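A, B, C and D are the chain letters, set down in written order, and residue numbers restart from 1 in every chain.
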Amino acid sequence: MLFWQILIDGFAISSLYALGATGFTLIFGVTGVLNLSHGAIMVAAAVAAWAASGNFGAGAYVGAVFGVVVALLLALATYYLIVRRLQLSRAVREEEKEIFILTATLLWGIMIQEAIAYLFTNNAKTVLPIVDGVVTILGVRTPANEIFTAFVCWATIGALWLFVNRTLAGKAVLAASMNPRGVTLLGIELSTVYVGVWAIYGALAGVAGVLLGMFLGVSSYSAGPLTASAFSIVVLGGLGSVSGSLIAAYVVGYLETLTAYLISPAYRAIPALLLLVAVMYVRPRGLLGRR
Amino acid sequence: MLRRALVSPPVLISLIVVLLAATLPLYVSGYVLGLLTIAYYFGVFSMAWDLLFGFANEVNFGPSFLIGLGAYTAGILDNLYQPPIALCIAAGVLASMIGGLVLALPALRVRGPYFGLTTLVAVLMLQNFVVVAASLTGGEIGLTIPDVISIDDKVNYWIALGFMAVSGAILYGLTRSPVGLILQASGQDPVQAGALGFNVTKHKLAAFLVSAFFSGLAGALMAFYLGTASVGTFIDVTVGVQVIIGAVLGGRRTILGAVLGAVFLVALGETLRPLGDLATFIVSAVALIVVLFFPAGLLGMVKGAREAT
Amino acid sequence: MAPYENAAARSAALRGSLGAASVALMFAIAPSAWADDPAPIKIGVIAEAQAVAGSSIPQAAQIAADEINAKGGVDGRKIEIVSYDNHSSSAESVRAFQRAVNEDHVNAVIGSYISEVVLALEPWASRLKTVFITPGAASDVITQNIAKDYEHNKYTFHGYLTSGALAGLVCDAAKDMLVDGLKMKTAVIMSEDAAWTGPLDAGYEACLPKIGLKVLDHIRFSPDTTDFTPIFNKIEASKPDVIITGVSHVGTQPTVQWKSQQVPIPMFGIASQATNSTFWKDTNGATDSVIYQGVSGPGVAVTPKTLPFVDAFSKKYGNMPSYAGYTAYDDVYIIADAIKRAGSADSGKLVDAMEKTDYVGTIGRVQFLPKGDPHVHGLKTGEGLITGLMLQWQNGKQVNMWPATLANGKLEFPSFVKIASGK
Amino acid sequence: MSAPAAKLEVSGLQKRFGGLTAVRDVSFSVHAGEILGLIGPNGSGKSTVMKSILGVERPDAGSVRVDAREVAGWPPHRIAQLGVGMVFQHSRPLHRQTVLENILLGLLPDRLLDLLPRAAANARARAIAERVGLTGVLNRRPATLPFADLRKIEIAKAIARDPQVVLIDEPFAGLTARETASFAKLITEMRDDGRAVLIVDHNVKSMSALVDRVYAMNVGEKIAEGTVAEVMANETVRKVYLGGALTTAARPEAAFADAQTPFLEIENLSVVYDKAQALEGVSLHVHEGEFVAVVGLNGAGKTTLFNAVSGLVPYAGDIRRQGKPLRGRTAAMIAREGIVQSPEGRELFGLMTVGENLDMGGHGLGDKERGERREWLFNLFPILKERQRQTAATLSGGEQQMLTIARALMMKPDLLILDEPTLGLAPVVMEQISKALERLRQTTEITVLLGEQNVTFALPHADRVYVLEHGRIVWEGDPSRFAAEAGAMYL
C-alpha cells in the first residue's frame, strides 16, 4: 500500500519536475543560455491561466491556453530584449557574457515576479483544474488531476521527442545544439533556429506552469524556488542533456516523496540538496553531462 | 605603481567624498543616516564580491553565504554567552573565512555555471540549516542579538562609513598592488600565469579568504548595528543578488564602483518607496537597463572614457 | 496569529535588500495642525503598508485617534499617529523605531504583525525605554523575553494572542463543537514547521486529550512544501475524526489538495489565510467547509464596539479591516486610557498603568497577564475575556459557528467529508 | 655551442591522448646560447612537446630536464621558477594595466605578501621595455596598441623572468615583414645573452635566418634533425612538405567559358583578427568548372580566406560571385545559394547518424530528390552506405572527412570549398579521398576551391595553384611549375 502510494504520488510530481526542467535544459543545450527567469515565466503562465479562468470566467481550457500563450510571449521577449542583445553586444567581452546573461535574466525574472505581485497580490493561487474528482488505483485514491498532470507532461515531452527526432526542423535544432557552425555552413539561419527554440521553450514552461498551478498552486514567491529546482535538476542530470534531466527529475521527485513519507515532510527538500552538493563535488559534469 | 595609484584621481575623489560623507550627520535626519549605514555595509559586500569576480574571475552567486556565516556566528555567540562584542565579531569573521575555503574548493575544480551553482547551493543549505536549527538560530523569525555597538544613529553611521572607507582603501590598494596584478593574471589566463611562475591556486585561495574576511566582518558589524539577524536580511538569495547587482551596476573590476552601485540601489529603492510593490520592479528594471546598455557600469563609464584616450 | 509571516519575510528579503529604512509619511499628520493645542500625545505606528494584514494597522489606529480627538483628546491633549512603513523588513523596522523615538519623540509605539519584526523591535523598546505593543504577532518568545528579564523588557506588551493562547482557544471551541457536538474522539495535528507553531503544537498536545480528543499523530511539514499528498495520506492512514490545523505561511496549497484528493476528514483549527475574504477565489472554492479560528468575522458582534468600528473602517477605507486592524484600534484606546490614568506619558508610569488595563475592545475584554506569569504582558483569554471565534467557509461566505451566542449558521460538510459522529 | 650540459634536455618524450599517440619518442636538447627550431606541419605534435616542457601537459613517458633537473610532471609555476620562460603566440595582456605594469608583472615574485612594488623592479621594467622597443608606449593600455607591440609585451614579460630556457611559439605569425625582422633581432639577442631558445613553428623557411639547428617532426615523430640546410635537403622533409614526383592534369585557364567574369572573384581581400593581420591584399579567382588549389602551411590564412568567402568573418576588399558582391549576405544565405564549404574542423553533428548528417545537408531538397542525391553520394563514398546508421562521432577520421564532403555535396553546390580535407589522415585514406575527388572532377561539372598544406594531395587535381604565406599570395601558376618555382619558399 505505502509502496504503491509512494510510487504513484512520486510519479506525478516527478513528471512535473521533468517537464519544467526539459525546457530549461533545451535552451541551455541549444543556445548555451541559463535562463534564470524560468521560474517567473512558469508562475506568469499559471497566474495568467488563473486570472483568465477565474476572474474573467473564461473556463478552464481557455484559461490554460491563455497561460501557455503568455509564457510563450514572455520567452520570446526574454530572447529578443535580453539574451540576443547581450549575445550580439560588443561592449561585453565573450568570457563575461555568461555572467551578464545570468544577471540580466535574473533581473528580468524579478521584474516579472514583482509585476505579478503588484497586479494580482502575492497570495498563492490555484488554477481552475481541467479534470476533477478522484480515481482509485491499486487501492490508492488518486486525484484525477494528478493523473492528468502526469499524462500531459509525458504527452508534451513525447511530442518534443518526436519533433526533434522525426522532423527535419527538429533535427536542425538538435544539430544546432551539437554544432551551430555546422548548421550555418549548411545554409540554415541560426537565428531562426534560436527563435524557434525559445518559442518551444516558452510553450513547455507554459504548460508546466499551468499544470503546476492546477496541481499544487503557485504564488509569485514560487518563482525563485522553481528556477532553483529546475537549475539543480538540470545540473544534476548534466547541463544540456535532456535525458539526463529527465532522469534527475525522477531521482529528485522520488527522493522528496520518499523523505516525506518515510522520514518527515519537514525535511523533504534536504536530501535532494545534499545529493546535489555531492554530485557537484564528485562528478561536476552531472549524471549524464557531456560537456 | 601603488604610489601612482595613491594620488590617482579615483583615490583623491573618493577621499573627498568620504570626508564630505563624514559631515552628513550634521545636517541630515537620522532616517537618512540609517539608510546610508546599511548602504555602506552593502557597499563592502559588493566590493568583496568584486574582488572575486573582477580580479580572481570567479563568479560567486553566494556572497550571502559568507555574509550570513559572519552575521549569524557573531549573533548566536552573543545571544548565548554575551562575550565582548569584539570577540563575537572575530568569531564571525573566522567562520566566514572557513566558509570561504569551503567555497574555494569546488571553484578550483569546476568552472562557469557549475561553480555558480555550488555557491548558490551553499546559500540554500545555510538557509535550510538556519530554519531547521531554529532553537539556536531563531529560525525564520530571526535571531535576537541582545547587545548592539551603539544606539546612536550618528555613531553607527560613522562606524559604517569608517569601516567602508578602510575596507575600500585596503581592497583597492590590494588590487593595485603586485599581488593584485598576479591575481588578475591568474584569473585572466591561468596557463600564462603559471608559465610566468605564479602559483595560481595559492593566489585564488588567498582571494577567497580576503573576500570572505570582509564579507564576514561587514555581516557581523551590520548584525550588531541592527541588533537582529534574520534570513531575510543576511542570507536569502535575493540579498546576494542585491550585492551582485550593486557591483555590476557600479562597474565590475573597479572595487570603488561597487560602493557607488550599492548606495545608488539603496537610494533609488528609497526614493521609489511611495510606489510600494512597484519600487522593486523599477529598481530591477533600471539595473537591467544598465546591464544591457552600459555594461561597464556607472564608474566603468567614467573610467572607460578615460582609458580610451 | 501571523498570517503570511513567511511570505512577508521572503518579500522583505528583496525589499529590505533593494531598499532600506523607510518612513512612508502617507498616513502621517502634519504636526503643525495641532500648533495651538497642548503638546499632543504621539503614537508611532510601524507596519507593513503593502501586506494585506499590515495595511489595516495604521488605518485603524488613525480611526481610533480621530474618535478620541473628536471627544477632546486625553486631558485636552490630542492623539497624533505617526506612521512608518517597514516593508515587512526587520531591518527597516529597527530604523523606523529609532527614528520614531529619537527624532519624532513618540510616547509609545504600536508595531507590526510579523513575529520576526516584533522580536527585532523588542530589544529596542528596552534600550530606548519606550512602550511598545504589537497588534498581531503570535510568537510566545515575545512574552517569554519579558518574563526572562522583566525590569529590562517590561516596555513591551503583547496586544494579540500568543500561539499558546490560540491553542487554548481552539481547544475550547473543539470541546463544544467537535466532542460535544459531533461526538468526535480522535484527531491528528497538522502544522507547518515554523517557530510560531512550536508553542501552538505544545498547546494542542496538552489540551486536546483533556477535552477528549485523542491525538493519533502529529505531523509537522516544511513551510515550503508544495505537494501535500504524502501528508494527507499519512493522516488518513491513522483514521482520525478530525484534522487540527496550524497553518499560516501556507494555506492555499494544502486546502486545494485536501479537496482535490477528497480527504474524507474535516479540517479545524488555525488557518490564517482562510481569514482572507479572497481565500475562496484563491482556492477555487476548495476551502468549502474548512473551519478556522478568528477574532472577528463579517457581521459578528463580538462586543458592542465591534460592528461600529467595522462600519467606520469600511466607510473610511472601503474595505474590511484585517484581524490586526481590530487590535490596533483597541491598542490606541488602551494606550490613551493608560496615559490618562497615569496622568503622564512617562514610560515608567505608563508601563504600570498599562499593566492595570481592563478595557472592553473590539475583540473582547483586554487584560494583561501580571508580572510573574510566564507570559507576562500577554493577553488574558477565556470566558468573559477574549474567546475568539470559529468560522466555517460555506459556499463563498465566512460563517461564524462559535461561540454559540455569536453563531450565525450551522456546520455543513461536502459529501466527500465523512463525519464520524457517534462512532 | 659546446656547453657541457644542455640547458634543456628532452628525451624519449611520449604523450597519448586517449587512443592516438600525439608524441612518440621525441628527444632533443638545447644548449645555452643556442637556438633550436622545432618544426612540423599541423598535427605533428610539436605544440604537445611544448606543453609537456611547460608542464601544462603531463608526459606519459620520457623525461624533461632543465639544467639537468628532471621536471616532467611538475606544475607549470615550479618549472617556470626553475627558469623556463614562454612567449605565447596569442598575447593576452592585462587590459586595465599599462604596458609598464604588464612588464612589471613578469618581475614579481610569487609571494602573497608582496604589497609594495620595488623601485628596482620599476627601473628594470623600463630597461626591458627600452630593449624590446616599447619605451614610447610605457603608460598606454594594451587595448590602444598595435599587434606587434602586444607581441613585444609577451617577449618583455618572458625576458623579465630572466629565463635560462625560452620557448617561443610561432614568433612571426601575424606580423608584417618589417616587424618580423625586428622580432628576429630580439630573439637573436636572447641567444647572445646565453639563453637556450626553442622556437616552434610550421616550417624552416620562416626561421632559417636565426636558428642554429632544426628538429623536424611529423605525426608525432622526429623526421629529421640538423642544420637548416641539412633539414631543407632532407628527403622525408621534402616529401612531407612538397610530396614526391607529381603527375598533374591541369586544364589551361582559357579553356573555361567564363574567362571574362570568373565565377568567383576575390579582390584585394584583407582580414584582421583582433589586430593580427590574417590576410593582406589577397586576390584570386575561380572559373566555373575549374579546380583551384590554395596551398599554404597551417596558419598561412587559408581557413580565414574561405571563411571570408563563406561570410563568416568581416573583411576588407571585394568578393564577387558572377560579378555580384557577396558582402551583406549572411553565411547561411551564401551557403544556400551554392557556395558550400567543407570546413577544416569538419563540424559534423557527432551524435547524429551518417544518414541524418546527410539529410541535414539536403534539408533544402524534396524528399525524393534528397533520396537520389544520397544514393549518388553513397556510390561515390561506398563506406558511408555501410555506416549510415552509425553516429558520426563513432566514425574514423577518414570516414568523417568523407561524410563532411558528402554532406556539403548534398547541398548541390555550384562552388565546393574544401578546407584541409587531408588533415591528420593516413596516406591510404588520403588516397581514397583523392580518388573520390578525381571521380567528381571527371563525372561532374563541379567547381572546387581546395585549401591544402599537403601539396602531394593538392597538385594532381588542380588546374591552377596559389601559394599563401603569412596571409599573402606569394605565387600563382600551373601545378607542374610548382616544385621548381615555389618549393623553396614552401619548405
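Definition applied: contacts are C-beta pairs under 8 Å (C-beta built on N, C-alpha and C of every residue); 3 or more make two chains touch, one makes a residue touch a chain.
Not measured: the values here are computed from a predicted model.
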Pair joined by the larger number of C-beta contacts - A-D, A-C: A-C
Identity of the chain that, by mean CA position, is farthest from chain D: C
CA centroid of chain B to CA centroid of chain D, Å: 46
Whole-Å separation of chain centres (CA-atom averages), chain C against chain D: 76
Distance between the centres, which are taken as Cα means, of chain C and chain A, whole angstrom: 38
Of all residues in chain C, the ones touching two or more other chains: 10, 14, 193
Sequence positions of chain A contacting 2 or more other chains: 110, 117, 266-267, 269
Junction residues of chain B - those touching two or more other chains: 237-238, 241, 276-277, 280, 284
Those chain pairs that satisfy the touch definition: A-B, A-C, A-D, B-C, B-D
Residues of chain C touching chain A in the complex: 7, 10-11, 14, 52, 193, 219-222, 224-227, 229-231, 233-234, 250-253, 256-257, 260-262, 273, 276, 278, 281-284, 286
In the complex with chain B, residue positions of chain A that touch it: 34, 82, 85-86, 89, 91-92, 96, 98-100, 102-104, 106-108, 110-111, 114-115, 117-118, 224, 228, 231-232, 235, 239, 266-267, 269-270, 273, 276-277, 280-281, 284
Of all residues in chain B, those that touch chain A in their complex: 53, 59, 105-106, 109-110, 112-114, 116-118, 120-121, 124-125, 128, 132, 237-238, 241, 244-245, 248, 276-278, 280-281, 284-285, 287-288, 291-292, 295-296
Residues of chain C defined as touching chain B within the complex: 5-6, 9-10, 12-24, 26, 49-50, 85, 87, 89-91, 94-95, 98-99, 102-103, 114-116, 119-120, 122-124, 127-128, 139, 141, 145, 193-196, 198, 223
Interfacial residue positions of chain A with respect to chain D in the complex: 168, 171-172, 174-175, 178-179, 181-190
